Amino acid sequence: MGGGSITTVSKNEFRKRDLFYVVPMWLLSLVLPNPVPHRKREFQKRDLIYLAILVVLPLLWRDFHFHHLMVLAGMNAISALGLSLFLGYTGQISLGHAAFFGAGAYTTALLTTQQGFPSLLAFIISAAVSASFAYVIGKPILKLKGYFLALATLGFGEIFLVIVRETPGLTGGVVGISGIPWFTFAGIVFDTYLKQYYLIWGVLIGLLIFSKNIVRSRMGRAFLAVSASEDAASTVGIPVAQTKLKAFVMSAAFAGFGGSLFASVMATASPESFSLNLSILIVMMVILGGMGNLYGPIAGAIFLTWLTDVLAGFQEYSLPLYGMIFILLLIFFPEGIGTRLGFRIVYLISYWAKKRRREKGKIE
Amino acid sequence: MPETTFDNIRLCMLKEAVRERGTMKKNNRSLIVILLPFLFCFTWATPAYVAGKAPYKIGVNLEMTGPWGEVNKIVRNTLLMEVEKINGTGGIGGRPLQLLIEDNGFDLNRAAANMTKFSRDKEVIAVIGPFEDNFQATTRAIAEREKITNIIICPSNPKVRALKQKWSFNIAQNDIIVSEKLVDLCLARNYKKILVFPAQIPLAQSLADYFKQFGEAKGMKVIVSKETHLNTDIDMTPQLIKLKPILEQEKVDAFYACTGGPPGGVICKNIRSLGIKTPILGTHAFGFGFFISLGGEATEGVEFPAGKPVVNPEQLDEGDPVRPVITDLNNRLKARYGTGADQISGHAYDAIGLLHASLKRSGDKATRSQLRDSLENTKGFPGCMGIYNYSPTNHDGLTKKDLIFIRIEGQKFTRVKFPGFE
Amino acid sequence: MSLLTLAEVTKRYEGVQALNRVSLQIEKGTIKGLIGPNGSGKSTLFHLISGMERPDSGRIFFREKEITSLDPHKIALMGLGRTFQTIQPLGNMTAVDNILTGMDRRLRGGLLSCGFWLPRIKRSEREALKEAKGILEFVGLLGRWEWPASQLSFGEQKMLDLGRAIALRPELLLLDEPAAGLPPAEVDALSKRILKLREDGMTIFLVEHRMEMVMEIADEIAAFHHGEVIAEGSPDEVRRNDRVIETYTKGKKTHA
Amino acid sequence: MTSWAYIPQLLITGVTIGAIYALVAIGFVTIARASQIINFAQGEFVMLGGVITFVLLNKGFLPYPVAALLAVLIVILIGFSLHRLVIHPLRKASLLIILMATLGASFFMSSTSNLVFGSLPKSLPPFSGSEAFHVWGISILPQSLWVFLATSLLLILLYLLSHRTFIGKAMEASSTDPMGADLVGISRDLMLLMAFGVSAGVGAIAGILITPIFYTSYNSGTLLGLKGFVAAVLGGWGKPSGAILGGFVLGILESAGIAFIPSGYKDGVAFGILLLILYFRPKGILGSPFVDSRRW
């Protein structure tokens, strides 16, 4: 069966242009990893390389604007990672994750400013609060499919905003809560961007390992099975509704972690930070990273955060440009940048391999 | 074994690739999409100066997009115009000013990111903006941390101003003096009972609170309604219907539409279409052309306190030190952009003017801290909005004297004076 | 009492009488074949047994417990596996993961214990992997163990479905036309596998169009027509039953 | 003063805004019937209708009717190009991608309108007289009557279009039985293009109708669009009659609800209704032809 595909490939003429494409593609495919979602989901050597890069890079490139960007990207990446478990693996749409993000942020804000909780405790409680929200919401909602699920979650996000605005006694209303103390842990105050970078990316790596374990265990298989075919899943004894709910709650907990970090890094929490745009952004990160792999969302988060920062220089043109790029990315990379490029590269490499082999054949 | 598995995977991907072949042509184009951002990096838009010495860079962090986009464009244009003027006259000791303008898309993260971007660049000695209150909270915090002057061009709410502000200065008239001025207006008109209809924006809420506080101190009865409205509400009729009975029963003398942006005009329109004749009071945020065009004739007779640029300069008294400044700015804006001066362009003018003045004072080798100190020593600087006096304890430049009463007559802002209240 | 018992099961879609008072029994350790022309309600029967649909009336017992209106996954957990007429491979997973999914019922561990990758999870996963490879070998897919299921050929995907159902280690296995669309060689291999499963003590309920195969392997056969059992008994009895003959001589015209 | 006393006046506003919701909902349904996708950019058509008319009127100095007509045509063209540039390339893409693409399109349209026409709110002069007349203590704007009149005319027109003309029948066919439509040679792509044109036009007219009463600014479209969708689901997703009913019901509920809850929760009401209806009766008041299909 390999032979068939090879012949079909060699029909496709080799173009000189491919030489120019392959280099940036190769670079990008290093950044946007794991082209094949259904590849074996164990840890690999390249993970160590990523880790090393993450640890060393901020020390080499001592530019705190870069650190700050990575901090922002990390916060988004945490919730994107959570969403990818729900969207990429379980195959359910959610446009309401900004609400869970916000719930986490507000919980931390309240606990640290008014109750004087230690940051770490507030951090954990925030995730718990978001998760319990998700449980209450998800139990009724998750029986919906496709568009209706998307709309229901979207509606939940809007309602969350309305409630936040309408309870100024608790959440400070539209003014929001400011003056949230820095994240403090074991006597270390995370006040500089470098420290915050290590804090957030440390949390992110922890969550990444956690979700990687989930994905390579029976839970992950259950998620994937539900997204592939609910009938087949239920005939091997996987409770579909329960599995969806688990995925939803877990992704909400991740978003809660992200929100809590957001509150203690930005030192403020106000409603318009958690609007529909954030939900869309998070979903976009997952899509660009490629559904059903765990590095994708992180890469997507870095990419989009950096993109918006670059666009800022274009003043009033920034948002229209952003919208245009948004649509173009969707049209050209509907299954994630990494995926497309991965296929493209392997196609080219194998083409060259084939070519060389053919030439060898001629010589002998 | 791994070898073979890799081959398998590669074959699978190959098949995928072949399945994709239909879309391969797109795929070539896809490269453009990848490289688009890269290209942006290189086509970075920064005005180049051929001046001999290195320029003083000033970061401008504005919501060029989003709800305040058009307003911020006015700020941007005024800043550019002023900077060209200053550089035309040799800048500061031969050092020109240079603006680095960044958009924050009405997004907290991006506002903060821009702030750090500026404070990282050692040549940037001050940052102007952002506009929205809740972003100021964050940028002020960054300013304190990175030790860079942050000039706030929009009145910000007390919660934000309560924060430690060694490095941030307020240009605009703050909500306290506006509320005091409005109380004066009520006393002059001798309104005894006022119904306040606050918007759900931080500014409006603090305005309502201060108005209640000062008004009741002066023995007025101030009712702040439970009903509120959002900045995005396109129809206030439902809320107003609920307020109508209160207006009638309580014999309210005046209705205070405590809001900013679009809702102002809508409220006037809706309240008149409900057949309510109660006089309407407004905030200084009413002092923009779009308010009248939005409200139509419903805005007749609306009164509010605002900065002096709202009315055209002829209506200001002779001998008012602010008058020539406004006239000059007004003419130059008209000549260049076709629109006259208003409060926003006034803020922009004052921001750059104050920077210019204090930079002159601290010479052509100013550091960030020197600039800050000389800003704090600003005394009696005549700007568009009024006379600025800063001190280490007071970072709000303006006072009540810098506001005037304005009444809308014949679809025009006309100044009204009351004996005893100037 | 026998392993599976259907009592007077009736199902009708709007207008159409899919099943009419069907009563069947399957003894433990036997292979029961179910034959009948298209649209005679065989697949509907499977859907009812495996809980995908609910009968209008009648009751279904499995291992002396009533499963008439249970959720599909509960029935599966009781040890009833099935394959589908239209194959449903989990295309977003590798072949071995498909099998492992089938073994989900016997693996333990919730979100947290999986997330923290506790030793016991690690151990059970390792054992499961070993067993899964065994099952793949049994269905003849060991060479493709790491392939995405979506990349396998039709026959391989059918075998994968079978493997997933076996991995459940069910007491009763419902096979919905396992041989449909397979080349003859693979059909023989398939029937060998089914017999092997029976030797391992699995009970099998088989819907099939290929008479010769059913006649060869089944211990007992029920013939279906218009949602009714028209004959039941050993292959020879059913082959000689004249209602079956006339049904099939009518049927023969439509499909060979 | 009991809350009930407000009700009559609130009903008037409810019906007015309800008519607009109905028009937006119709737009959604038209596209959903041609091919089962939701166009989240629907609300932006409304916004563009108002804004472009404003610009033509004040900067182009055209007479009111000409400006309105021209605006509608321009928005229809925008609708076509939305289909050609975004939906058509994605016709094979998954549901999620199309969803995100339309959201991105809505984002792009609003931000571009912000760039081109400015972010300040825009209001049109009423068609006839801004002086409200009062009946039994209820004040009614002439424009409200215009809205009601025009909406009903438009709905009748749409009914005729969909039931009396070939295009309407073809659209019907291509939605109910795509395969069959392909077989008899109806180009579904073309039908979808038509649907986008129609819904864009309807949206634009809605925008022109409300702008004199309320106002239009670059970001007022999104919320209208979402509420229009809520209306469509409420009435019965995929049924034009349901969309109309849902529009009015939602409008009335929303403004009548104000009488009993603080007005800040106004936007919450619509989405609360959405959640309830999705949970308890996903097929809406009048029932829906689509709910059982796997996309919903």
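As written, the chains take the letters A, B, C and D, and residue 1 is the first residue of each chain.
As a convention for this text, a residue touches a chain if its C-beta (ideal position, glycine included) is under 8 Å from a C-beta of that chain, and two chains touch if they have at least 3 such contacts.
This one's a predicted model, so the numbers in the text were calculated from it and none came from an experiment.
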**Study point:** Central chain (by mean CA position)
**Key:** A
Practice item. Considering only mean CA positions as chain centres, point out the chain farthest from chain D. Key: C
Revision key, fill the gap. Taking each chain's centre as the mean of its CA atoms, chain A sits from chain C at a distance in Å of 39
Revision key, fill the gap. Separation of the C-alpha centres, chain B versus chain D, in whole Å, is 33
Exercise for review: Find the geometric centre of each of chain C and chain D from their Cα atoms only, then give the gap between the two centres in Å, rounded to an integer.
Suggested key: 50
Review point. Cα centroid separation between chain A and chain B, in whole Å?
Key: 34
Revision key, fill the gap. Contacts with two or more other chains occur in chain C at residues 146, 148
Point to revise | Per-residue overlap in chain D, given as positions that touch at least 2 other chains | key: 89, 111, 114-115, 262, 264, 267
Revision key, fill the gap. Within chain B, the set of residues that touch 2 or more other chains is 5, 9, 11-12, 15, 26, 65-66, 69, 200, 230
Review point. In their shared complex, at which residues does chain D touch chain A?
Key: 38, 86, 89-90, 93-97, 99-101, 103-105, 107-109, 111-112, 114-115, 222, 226, 229-230, 233, 262, 264-265, 267-268, 271-272, 274-275, 278-279, 282, 294-296
Exercise for review: Report the residues of chain A in contact with chain D in the complex, numbered from low to high.
Suggested key: 87, 93, 140-141, 144-148, 150-152, 154-156, 158-159, 162-163, 165-166, 276-277, 280, 283-284, 287, 316-317, 319-320, 322-324, 326-327, 330-331, 334
Revision key, fill the gap. The answer for chain B against chain D in the complex is residues 26, 65-71, 200, 226-230, 232-235, 237-239, 241-242, 245, 249, 261-262, 265-266, 273-275, 290, 293-294, 296-298
Point to revise | Residue ranges of chain B touching chain A (in the complex, touch as defined) | key: 5, 9-18, 20-21, 24, 26-31, 33-37, 40-41, 44-46, 62, 64-66, 69, 73, 76, 101-110, 112-114, 116-117, 120, 133-134, 137-138, 141, 145, 157, 159-160, 163, 200-202, 205, 230
Exercise for review: State the interface residues of chain C toward chain A in the complex, per the touch definition above.
Suggested key: 50-52, 71-73, 76-77, 81-82, 84, 88-94, 97, 100-102, 104-105, 107, 109-111, 114-117, 121, 125, 146, 148, 150, 153, 164-165, 167-168
